[in-house]
Amino acid sequence: MKYFVLGSSYVVRLDAGEKIIETLRALCERDVIGSGFFHGLGAVNDAELGHFDPATGDYSWTKLAGPYEIVSLYGNITVVDGKPFIHAHASLCDRTFAARGGHLREAVVSVTCEVTLTRFRDDITRKKDEATGLFKLALDPGGE
Amino acid sequence: MKYFVLGSSYVVRLDAGEKIIETLRALCERDVIGSGFFHGLGAVNDAELGHFDPATGDYSWTKLAGPYEIVSLYGNITVVDGKPFIHAHASLCDRTFAARGGHLREAVVSVTCEVTLTRFRDDITRKKDEATGLFKLALDPGGE
Amino acid sequence: MKYFVLGSSYVVRLDAGEKIIETLRALCERDVIGSGFFHGLGAVNDAELGHFDPATGDYSWTKLAGPYEIVSLYGNITVVDGKPFIHAHASLCDRTFAARGGHLREAVVSVTCEVTLTRFRDDITRKKDEATGLFKLALDPGGE
């Protein structure tokens, strides 16, 4: 991973074999990025996508071997338990060009992945929602 | 809906039962946001997607019950008749992970929806295009 | 194509018959934009999408007549050989609302296309990667 900083923005290149979520989390930890958002494109293998079913309160997961183009990748950055937390959704296409997408747990860069990331000044945290077990953005007054 | 303002950016959390377009429009009205763009992720039910056919000059619509992951959501903010106007496109995935998308008329948050929004300083308006009946961005000199 | 400049951001309207990639490249050349990113929505015909297969080192391409909604469009701007270079991925939906996507070589606006573009101050270049033949972001120290 290599990156270039332009004010509050980053241009990031992830290289073959690097895990997207893990690598972006490491960048946020290194540069103490406590909130922001990012987009990316490129190509991946071994992606894991999730779909949350509110009726069961659980994610179902699928593993996609690839090779895939990243058709869209958008995520946000927050802080949970003092560590950067990446929440990203993505859609991926194989050689049929059909798009498959969902919550992106992880994917491994196959050729390259190009990310633009905008950091904010302040930390934004998450708090566990007891009803769903999910960590939701803590934006309520008083940090709730 | 809760939000956090960071300079010219907003981080917004929409909660279960809230309509995405209606809620973002209300935020823009409250904070007098006259232009900008946003992205989002999360999960929705009861989405309505449109596809415009230039040959007929009409949208065809589909209603999707869900539950869906928001795979991508991008929209812009303008002002029409003195009111904020939201133009958004989205793609959604069900448990098969197949992506369906189009012009997003509305969707109801099922669990959470997380939006990052960047506001611009100036208002941007739209003007009705007589040929198509659509409100297009009024960026011509003199506001045409 | 018409556009409105707001600080380091552009709001761009592409009109019927304009090619998206070619038109954005011309805007970047005219305004000397050496790095940045953009998103768009709208409707197109005659899109060409690519899928890169790392095993063969080649793209496979498909031409889609349309009409299509642009469900997502994200790209970055760099400089190659002194000229603006646009790298964009997109997903498109026809009247069945099924999303198809990939590397966007080009597409022709059918009704309108609305783009928000953020420019950075510095140029970012690309360098040919001998292993793949692709032009990758040159973000290494020393510009490698």
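Which chain is which? They are A, B and C, in the order written, and residues in each are numbered from 1.
The rule we apply is simple: a contact is a pair of C-beta atoms (placed from the backbone, for glycine too) under 8 Å apart; a residue touches a chain by one contact, two chains touch by 3 or more.
Everything numeric here is computed off the predicted structure, so don't read it as measured data.
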Type of chain A:chain B copy interface by residue overlap (half), same or different: different
Inter-copy rotation, chain A to chain C, in degrees (Cα atoms; steps of 5): 120
Computed distance of Cα centres, chain B from chain A, in Å: 21
Sites on chain A at which at least two other chains make contact: 39, 72, 91, 98-99, 101
In the complex with chain C, residue positions of chain B that touch it: 35, 37, 39, 49-55, 60, 62, 72, 74-76, 87-91, 98-103, 118, 120-122, 124, 129, 132, 134, 136-137, 139-140
In the complex, chain C residues that touch chain B: 2-4, 6-7, 9, 11-13, 39, 41, 43, 67, 69-72, 91, 93-95, 97-99, 101, 110-112, 114, 116
